[in-house]
Structures are given as C-alpha cells and as structure tokens.
Amino acid sequence: DFEMAMINDIKPAFGVSSESVERYAMNGIVNWGQPVSDVLENGKLVLQQTQESNRTPLVSLLMEGPPGSGKTALAASLAAESGFPFVKVCSPEDMVGFLEGGKCNAIKKIFEDAYKSQLSCVVVDDIERLIDYVPIGPRFSNLVLQALLVLLKKNPPKGKKLMIIGTTSRRDVLEEMEMMTVFSTHIHVSNITKGEHIINVISELDSFSEDEKSTLAKKLSGKKLWIGIKKLLVLLEIVRQADMDVRIPKFLTLLEEEGGLQA
Amino acid sequence: DFEMAMINDIKPAFGVSSESVERYAMNGIVNWGQPVSDVLENGKLVLQQTQESNRTPLVSLLMEGPPGSGKTALAASLAAESGFPFVKVCSPEDMVGFLEGGKCNAIKKIFEDAYKSQLSCVVVDDIERLIDYVPIGPRFSNLVLQALLVLLKKNPPKGKKLMIIGTTSRRDVLEEMEMMTVFSTHIHVSNITKGEHIINVISELDSFSEDEKSTLAKKLSGKKLWIGIKKLLVLLEIVRQADMDVRIPKFLTLLEEEGGLQA
Amino acid sequence: DFEMAMINDIKPAFGVSSESVERYAMNGIVNWGQPVSDVLENGKLVLQQTQESNRTPLVSLLMEGPPGSGKTALAASLAAESGFPFVKVCSPEDMVGFLEGGKCNAIKKIFEDAYKSQLSCVVVDDIERLIDYVPIGPRFSNLVLQALLVLLKKNPPKGKKLMIIGTTSRRDVLEEMEMMTVFSTHIHVSNITKGEHIINVISELDSFSEDEKSTLAKKLSGKKLWIGIKKLLVLLEIVRQADMDVRIPKFLTLLEEEGGLQA
Amino acid sequence: DFEMAMINDIKPAFGVSSESVERYAMNGIVNWGQPVSDVLENGKLVLQQTQESNRTPLVSLLMEGPPGSGKTALAASLAAESGFPFVKVCSPEDMVGFLEGGKCNAIKKIFEDAYKSQLSCVVVDDIERLIDYVPIGPRFSNLVLQALLVLLKKNPPKGKKLMIIGTTSRRDVLEEMEMMTVFSTHIHVSNITKGEHIINVISELDSFSEDEKSTLAKKLSGKKLWIGIKKLLVLLEIVRQADMDVRIPKFLTLLEEEGGLQA
Amino acid sequence: DFEMAMINDIKPAFGVSSESVERYAMNGIVNWGQPVSDVLENGKLVLQQTQESNRTPLVSLLMEGPPGSGKTALAASLAAESGFPFVKVCSPEDMVGFLEGGKCNAIKKIFEDAYKSQLSCVVVDDIERLIDYVPIGPRFSNLVLQALLVLLKKNPPKGKKLMIIGTTSRRDVLEEMEMMTVFSTHIHVSNITKGEHIINVISELDSFSEDEKSTLAKKLSGKKLWIGIKKLLVLLEIVRQADMDVRIPKFLTLLEEEGGLQA
Amino acid sequence: DFEMAMINDIKPAFGVSSESVERYAMNGIVNWGQPVSDVLENGKLVLQQTQESNRTPLVSLLMEGPPGSGKTALAASLAAESGFPFVKVCSPEDMVGFLEGGKCNAIKKIFEDAYKSQLSCVVVDDIERLIDYVPIGPRFSNLVLQALLVLLKKNPPKGKKLMIIGTTSRRDVLEEMEMMTVFSTHIHVSNITKGEHIINVISELDSFSEDEKSTLAKKLSGKKLWIGIKKLLVLLEIVRQADMDVRIPKFLTLLEEEGGLQA
C-alpha cells in the first residue's frame, strides 16, 4: 500500500522537514511490487550499517535506474525515514544557472554542514545534472565532478558518521568517469515491467471504479511492458480527464505508445 | 477559417497582452487542414490537464516541426488562448547578443515570475536559439541547456500549477541532449503537404479573385508538395505584386522552386 | 553602361550618404552583361515588396558569389538606390580587432537604429568576416552567429518595415550553419565567364585606344574564362602602366594566369 | 599482526601528528601477507637513502596500485614512521572545489614549507585527483600537472633533503604524461589475491568467533580472488551486522560478487 | 653586387629610418642570381602601380618562401627603397608575449597611422608569428587573423594610397585560411639552388682569398643544393673561424650536411 | 676526470654565480667518454663564434637528448665556463605554478636583461616544461611557445651579442612546432651505452674499493646498455647503502632492471 506512513513518520530534524521531502516524493511511494520492497529494504540496511559500525564512518550508496523510475523519490524517502539528525537533499533544482564554481560551493557547503552533525545523510540527487553532463561532446563540469569524487571518499571528522545517497540515470557515464568504484555500494531502481505492477498501482489510487479495475486486471494480466512510475502517473492523470466510457481503452492505447505494452 | 477570434478572446493577464501575442502570430492562425485542427485540439487538452489535475502540477509540451511550419505562432496562440493568469513567451528575440549567463538569468527570471502565479503558462520558444546551437562542432551553451533541463522537471511551489510549451526545429538534437525524455509529451507541427491545403489558405486570404481561385484549385487538386506556412505567405505576397495575368503561373513556378510541387 | 547614375540618384537619408556608398562601390557598377542586369532587377523587386506589403514587414535577401565578384558593391548600390529613409552598411571594416561582444553590440545597435525608421535597409556585409569564420577548425564566433540568426528573423516593431541584404562568399558554410533557411530569398552574383563580358568592361573604361579595343575584341570573342570584376579591374590597372605596344599581349597573359583564359 | 605499533611510534614533528595520520590510515595497517611486508621494507630503504646520501638530496617514490588497495594508508604510515622533522600529506581532500590556481598554490606552499626543514617527507596523495583527471577527454589540470612535473625534480636548497611519496591508481596515465620517468623509483601496492590473505586479515580483527574462523579457513584455503583491503573491510563490517548463523555464507556470497572468489 | 646602395638611398621618412631597416636586413641584399633580381624588379613594379593608379588605391603583395630565404630582408629593403612618406614594419619582434588583443591593437595602430599619410607602405612580417600559428592543432589567434583578413582588403580613406607587403614561410597555411585570395598579388622568394649562386655570394664577401675562391668555384660549378641565404651566411661565419688550410673542406662538409650538396 | 675545475674557473659575472650553476650541475661533469668530450668541445666552438663574429650577433644552440642524460648540467656548465659578462639560466624551476602570462614575462625579462650586456649567454632549460607541454592532447602554452619562437630569432640591439642554449628531451615535438629550423645549430647529448663508460664513472667516484672496481670492470667490459648519467648516480647511491658483500651483485641487478644491461 501507499507508504505515506513512512513519510509522515519523519522526526523533526536539522536541515530537513516533511515538507521538503514531499517536494521530492510528491506522490508518495506506491509499493507496486517486489523491486520496490527490495530497494527500501536494502537501503535501510545500509542506513543501519552507517549508524552502527565504527570501522566504516562513511558509507555511500548509489541508486541508479532509467529516467522517471522513481530514484529521487526513493532516495528522499529513505533519507527522511532514517531519523538521522541531519538530512539534506543536494539538488540541481536549487542551483539553476549556477556557474560551476557556485555549484561546487553549494555542494561543499552541504557536506560541511553534514560534518558538524554526529550522524548525517546527504542525498546527492541527479548527478548528471549536478555535473552539467550532456552526451554531445560529451561536456560536463570537471570542477564539480572532481569535487564529488573527493567528497564521496573523504571521511567525516573523527567520531562523526555520514551516509551519502547518490542518484543517476546514467550508470554507464559514472563508470567511465571512475565514480562507480568510489561508491561503497549501489542499488538498481527498475521500471515497471509487468501488467501486475500496473494493477497494483491502480489499486492504490482512487482514479478508477471497481468495474474498471477488474476489466484492466484481465487485459493486463501476464503482459510485459516498460514504463517508469513517473510517466505512469501522468498517463493515469490524462485518462482521468476523459469520459468514463473511453477511459480504459484510452489508457491501454497510451500504455502501448509510451510503455511498450504489446497490443 | 481564420482563427483570429481565438486571439481576440484573450482575457487581460499579467505578463501577456494581445499585442505581444500578435508579435508571434503576426498573420493569425489559418486552419488549412486537419493537422492544424489536431495541434490546436491536443494542445488544449494538455492545458486542461494542467488546470485540473492535482497530481501533475507541472506539465511540459514540446511542439516540434520543420523551420517555418508555424510552431511559434501556434504555441503563442495556445498560451494566449489558455486564459491562465500568467502567460509569457521566453524568446531569443529578447536576448540578442546576451552571453550565456545573461540568458540563464533572463530565463530563470521568467520561471520565478511564473512560480508566483496560481496557474502559469511559459512558452520556451526556439530552443536551438536559446541554447545557441549550431551544427558545426556542434556548439551550444551548456549553461543554458542545463538550466532548461532542470527547469523542465522542477515542480512549481506547493499549490501552484505550471504548463511549459517548448518549440524546436531540431527534435533530433533535443533527443541527443536527452531533453526529449524530460518533456511530459510532444506534438508534431507539420508542413503543408497537399494542394488542397494551399487552396484552403488562399480561400482565407483576400489576395486572389474568384476566377484565379478556381483555376488554382484545378491545377493543385491532388498534388503533393512540402512547404511551411511561413514561406507560403511570403510567396503569396510576392505574387500579389505581379501583374494580374501572370499571377497564377508565377505562383505555380515559385511553388515548384520553393515548395517541391511537381510541375 | 556605367550605372554611376544610380549612385548619384541617392536621396539624402539618415545613416547613409553618397560618399559612404562610394566607399563600398569605389569603381561604380559596370553593367558587363545579363547577370549584372538580373541581379539589379531582382534586387529592386525585393526592395519593392518590402515597401509595399503589409503581411511581410521583414524581408531578407542574401547575395552570394565568389570572392571579388562584386557582392559588396552591388549590395551597397541597391541599398543606396532604395531611397529608404534609413540605409546602413554593417561592415567588418568598422570592427577590426573587436572582440565578439563588441561586434554583437555594434551589429545590434545598427538594427535598433533601423527599427526606429518607418522603412529601413541594412546591408550585413561579408558574413564570414562578421562571424570571424576560418575553415581551419572551423572556428567562428558563435555569439555573433546566433545574434545574426535571431536578427534575421525578428520582425521590426508594429508598423515598421525592414529589408536586410546579406553578402557572403561561402554559401556552403551558411548552409551548414542553418542560416540559409532564415533568409527570405537569395541571389547569385557571378564571376565574369565570357570574352564578351570583358569587352563590355573595357568599353566602359577609358584605358584602351579604339585600335586596342578591336584587337582585343577579336582575340576574346567566344572565349571562356572565370574572373571576378574586382581582380579584372586590378589587371587592367597593371596593364595601363605598361608601354603602349605590350599592353594587349601583357593583358592576355595576365588573363591566362589569373582568369583561366585558354591561350 | 596489526602494525598499530608503527603508528604509535611517531615522534612529535612539525606539520604532522599521529592524529592526522590516523585520518589517512583509519584502520591501521594489517600485515596480511608478503606484499605488505615488501612495500614497508622497500619504503623504509628509500627513506634511509634520503637521510644518508649527500649526492641525492631529492628522492621520489611512487606507490601505485588498484583503487582501494591501501596506497594512501601505506604512504601516510611510511611518512609518519620516518621520524623526519617535517612530514606532510598533500591531499585533494583539503582542496575540494579549488580552481587549478588555488591547487597549485596549496601544493607549492607545502613544498616551500618542506624546503625549510633539514629533512622532509611530502606525500603527494591521489595524483589523479590532484590534477583533476577524468578519462573522458581526457581532461585534467595541466597547470597542476606541470607544477608537479617540475617539483618532482627540483632539488631542495643546498644542504636540505627531501623525500616525496606519490600515490596513484592510474600508472598508465602517469606514463602517458611522462611523469613516470621523473620519479626516482616506484613500488606496486597489490590487491589481496589469495584465500590465505583473507584469513590473515580476519585473524587480526575481532569480528569472528574461533569456530567461524576455522570454517572460513577451510572454505578459503587455496582459493584465488582479487579485492582491495578497503573494500574487504567494508564487507566484513556488513557481515558483522548480520545474524550469527548467516555470517559465514553471507560473507562468502559477498566475496564472490565483489571479490571475484570462485564459488 | 651588394645592393647596400639601395639601403643607403633611403630618404628620411616618417615612421622609418635607415637604422630600423638595417635591423631587418642586417647583412644587406647580396644579388646572388636571377631570382633576387626578379624579386626586386617585380616588387618595384607593384610599388609603382600603387603610387600611380587612381582606381587601385590599395595594393597588397605577399612574399612567400622557405624559412631563412631572405623574405624579411627583401620586404624591408623594398619598403625602405620606396621613398613613400610613411614606411613601417609590423613585426612580431615588437610584440613578444602580447596577448591577442594587444597584438590586434598594435597592428591596427600601424594601419591607422598609415591611413594618415598620402602614400604609405606597411610590411606585415612573418604572418605565422603574428597570428601565433603552430601546426599542432593547429592553433593560432583567430582574432589577429580576422583583423588581418579585413585590413588586407580595407581601402585607405579617399585620396590616400597604401601598399601592404606580407611575408610568410607557410603559403599553404595562408591558403587554408583563405588569405591568399585577399592579396592582390604574390612573389616567391627562393632558396639558393646552384653552386654558381654560392660563388656569387662568396665573391661579395671578403671572407676568402682569391685562391680559395677559385678552388671553390671548381668544386661547386654545376652542383645542385638547397639552402637559404640566412643559414649560408652562418656557415660562412663558422668557416671563417677555422684554420686557413681546413676552411674549404670544412665549408664543403657543412654544405653537404645543411644544404643538401651532393658530395 | 671530474671537470669540477671547469666550474671553479667561473669568473664573477652579473646574473650568475658559481653557486647557482652548482644548483644545475650538482654532481659536476664526469667525463665518462668521447660523447661528453664532443659536447663540451662543440659547445665551446659555438661560444667562440658568438664572441668573435660581427655578421652573426645571435647564435642559438639546442642540446637535445633523453631524460636524465645530463643536458641541464652540460648547458649550465658551458654557460658558466663562457666567461661572458651576463649568464643566466631561464628555468621552469623558478616558475612553478605560473600562468602562461607570468611565464612569458619572466622569460622576456631575462632576454631584456641579456640585451643590456655586450655579450650574453642565456640557457633556456627544459623547453617542454617552459611551454607546459604534455603529450595527451597534446597541450602546451602557445603564448610561451610563440614568445620563444620570436626570441630565438630576434637579433640583440646593434653592437650586442647573444648566445642562447636550449635544452629538450623531445626533439620530435620541437620539430613539429617548427622550432628546430629556428635554432642555428644543435648538439645531441647521449645516454651511457657501454660498459666502459660505467667503469669510467665509477673510477671518478670514491664509492667502490679497488677490488670491486676490477670485478666490475671484468663483468661490464664490452657490454651494451642504455642509461642516463642522472639515474646512474642514483643507482650508485643506493648500492652504497648496501652491505659490502652484496654491493656488486646488487648494482648489476639494478643495471639490468633500469639500464637495459643484458644479464
């Protein structure tokens, strides 16, 4: 079911508030299948290791997956969930139009704040955007990249603990940039791939009638597709505007066009 | 018929006036065929979704098509038509000679203004020009590109709604730059491809006599061609300067040279 | 015959004087054959369209041809001839050593001045030089290029009319830079290609005796060559310094070396 | 056994303290096999030569090996161990977000300080990061690179002696940059490659019971693998969080995934 | 014979003095054969055309030839010889370490000074160095290149006349940069290619005895070689330091090594 | 024998002192074979030519050879030996971290100082480092390169004389940069290639006993190898720290590893 509970659990903390997390997980986390449970469970284990080990005061976790698969929402939810006294999302959305020097300073500032708390969690969101990556060239900010490469392996001061959660849609690029070997570990965030997953999502939302749901369940059962949760939510919203009688066929058409559903 | 009505409908709004829209759709929108109706209809649906959904407070629509096919005029008309309290065209025409920093600031400013209104529509016109793209190299402003990539997926503040309409002649380039996956959806604006379309345009204008129109109708009926509405209007204007008796043959010759009409 | 008349016709106008045009057409326009008449006639038609149409307040014409074929002189003459209240040549000669920012500002200033007049004509001379183009690389100022790409399709303010005449020796490069589709229309300025053309030029100048002229006419009649008017005028000047009896053979030798005349 | 002794031996020195070395060798130096002994022994010989020779007042040693193999910890330990009056680690961790000019100055400052002492040891850690190297391009700071190329062969002032210890994971890159010929000598730091090495590490730590150790010894004896000490310590820490009964199998699984152990 | 006379002839002139020309033709102009006479004669014809024609107030001449063939000395001598009231050498030797902006200004200043005189001659020496050309890349200052491309075809003010003499060792590079078509004309400066040329040079200098001269004449008569006058003068100077009896054989050996003389 | 004498001979001079030369030839010049004598002899001839000729007031000599072959020491010794009133080493060691502008100024300053003396010798050491050359790219400072290209052929003021000695390990790169044709002449500095050369070096040093020397002489006689004097001196220093009985075998092993000696 909708893990809104998780987000509501957040204890008041320096640098984070439930409102700011809502910004990154606007539609909550729908547990549409095993892949979602796995991500949440593995993520929590790493949070736990950070909190409990004395030998590894720095742990870094990369969440990688296709565009719109829900990486940012999952990372922000884990961070909010952690209960760590310092939680912060380092997001390109707060650095629009910054030159690389300004970006570096903004990122460095977040880490310096984190180093002051006993136990901190920093989400380094959308690494391609933070480093201004574009495949043509390719071009990117080497200044920001090098700062990240160092920050990702720099221990917090003695006695402090830090967990870093990165997100990216371009694991291959990070590999080329030798950033993969710097992360302690990584988790794959996957797209929705089965009809059953869709049915799970719909059950969580209040968009369809019981009749519509059972029709859909029949049509989608056992089917393969490939769509991110972010786009799926947009499609459902479009369909909601349509007349009652064309909602199901319209949704199936959209799923075929955008989600690779075999007609 | 001439959808001048549409433009005259515009309600007074902060950031837009009927005069400023006229600047981008100087000759109105001639409904020369089904493709035009489709663009207008689909565009209105997206506007509606923005206005009505609570789950998708940010919707972005890309209008892409060949040079001179009418993208800017259509986007500006839709925006003006929307009736949203904030409507603004973000155009390279207002940034001639700006360095990339200046462009970024100008673009960011428009979005910040938009975030202040409950319901806003921003046209991001001529994306290649905004990012200073040239195929030799290729070269472009990565600073502006990255700002757009972030702004296109940054949610407006809680409770606010934003629709973004982009235009481009180089869909392929946007694909390479990974901007296509960032737009919620896209519409193709097509060139005029049939003789019938031309006849529809001419019927809307007062340039030809009834006799000329019927001669043309016979000559063009069932013919294939490929020409943008912008160039077609120029050709008609050239022909208008000519002597009465050579107007039709001169027009046909020009259509062959510039519009691929088979003689 | 020598169209000096044309240049002397110029009405006093803001931003241009007969002296400043003389600078660009130092040796007047010799009408050496049909290609010259065609350029002048077509150019005048476009000027007329600008002046008379209300639907196309912006018309842009590209004059393209080999180095030294007379593009600048022809463009400046047309502009001076136009009788428009505002006429200005935007020339790299006034921007020697300018950085790209300075060039942009200078160009933008000329257009802003033009927008203030009811009816304006701006010559954008030697586009390769304005954009600092060099084939090695290739390198060029993208800042200036982008400014031109926008200015070439930006409408003048409501009620104003603007004609832009561009010149270039590298049509291929402008094509690659996607500038060709931005011009409303273009005219080819050609080199001199026939013996008859040369004889026409000589008849206009006072450099040779009647005897010499008829000898030359016999030698050149029906011959093919390829030489720009600019270089031809230099050769004639060299020959003029020579002794009477060697003038004709010296001229023929030079034409073979520099103008591809078959011996 | 754990050579913590070594680190505790450090005599008070200008520019270094046992605490600052702990920062770079947070988990001490576990002597897991012959490769470790060799590195320590050879390193000490070079330190000795620096101290005793009059003909070679500058000696530079490069420690190169795969990511996480323990280069930084070994270099820092050798430096701390040296007993030289001036010991300093020149680390990218102190230069996050510095522009190349700032980096150069910071590096130059450390060398200038070193030149003031009779006998100095400077660790130039993580050369790829100091020069902002990234394989895409490749890109790097040539300013910092050139400064290093000169500092690595510049003699200290008359009568002073200097030992430089560099570390790198990209020996091949340094070769391409002609930095290899500048170092006086180099030592390879290797990953753990045998089951026996693992057993040695575990014996040094207090993480496993005697039973577990002997089970592991049997499973790993004679096996081949390839893992850096840094990652191995993380895996052991993960396993420590697990329930008693799954610790051994979980550890073996992780070794297979991350350390190339054949199942 | 030594055309020192030519240099001594120079009339006092604004911007030039016999001393400053000596700097560029330190060892005068030895007339070692027909190629030298040809260069001087053709050069003088172009000077004359500049002075006498009214249709071509701007003439530009390029002197191109291998490194050390005497281009600078010949250009400076022609300029000094011209008797024009304004004569100036624009040389990279006066711009060591200038950034491209500084170079542009220095060059522009020389032309602006020249435009003030009725009749001016500007030597643009060593164009590759003026534009900071290096074949690796290739790299060069596009700012300086573009300034030259414009200055080379910009007419002096009405009633003024200007001759420009350029020098280069890389005609091929100027071709690629489209600078060749901008020069009105060009002259090739050749290396010494025959034994007879050498004998002529030696006869002009006082370095050898009559006996030595006749021995050399026999040895070199009819031989082919390839050496610039600049290097030849150095070789003769080296030989002069040697003992009387080894001078001739030493000279022949050096000519074989450096000048391609077949033994 | 050790040519320490040479260095001690230096007459007091403006801009140089025996101490500053010692810095560049810290271990003197061991005359290990004919190649060393040849370099010294040829170098002295060029110094002499500079001093005595009036036609060639500027002579430039390039010393090129593999890394560590002794180029800097030889160039500095020749300069110190010259007895010229102005002697200066222009070394990258004095420009660590300088930007290219700073480097240019520093180099230009040295030449301007040199031009003030009647007779000057400037060593331009390690040209690759002065121009910040790195083979990846390749990258280098074109500003410094162009300054050197001009300074290397710019005559000193009338009546003054200047000798320039350059050093480089990358003759091929200088060739590509067209710097080779600018030097008046060049000398190759070679590595040690024969067993006999090694024996000569050892005889000059006091590191080995007579017994050891004769053993080595037998082992090395007639052997081929390839090692620079700089590295050889380091190896001998390492061996000196070893126990008496292992010194010879250890030295032979090191020579095999580092100097290509066939076992």
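Think of it as A, B, C, D, E and F in the order they're written, each chain with its own count starting at 1.
Here, a residue touches a chain if its C-beta (ideal position, glycine included) is under 8 Å from a C-beta of that chain, and two chains touch if they have at least 3 such contacts.
What you see is a predicted model, and the numbers here were worked out from it, not measured in a lab.
Here the chain-to-chain distance from chain C to chain E, counted in touching steps, is 1. Path length between chain D and chain F in the chain contact graph, taken as the least number of steps between touching chains: 1.
Residues touching across the chain E-chain F interface largely differ between the two copies, under half of the numbers being common to both.
Matching the C-alpha atoms of chain A with those of chain B calls for a turn of 60 degrees, to the nearest 5.
Chain A and chain F have centres, each the mean of its CA atoms, that are 60 Å apart.
With each centre defined as the average position of its C-alpha atoms, the distance from chain A to chain D rounds to 35 Å. Counting partner chains per residue, chain D shows two or more touched chains at no residue at all. Round the ring, the chains follow in the order B, C, E, F, D, A when counting starts at chain B and proceeds to chain C.
If you check the complex, the residues on chain A that touch chain D are 45, 48-49, 52-53, 55-57, 59, 101, 104-105, 107-108, 111, 138, 140, 142-143, 145-147, 149-151, 154-155, 158, 176-178, 181-182, 184-185. Residues of chain F that touch chain D in their complex: 19, 22-23, 26-27, 67-68, 92-93, 95-97, 99, 129, 132, 134-136, 139, 233-234, 236-238, 240-241.
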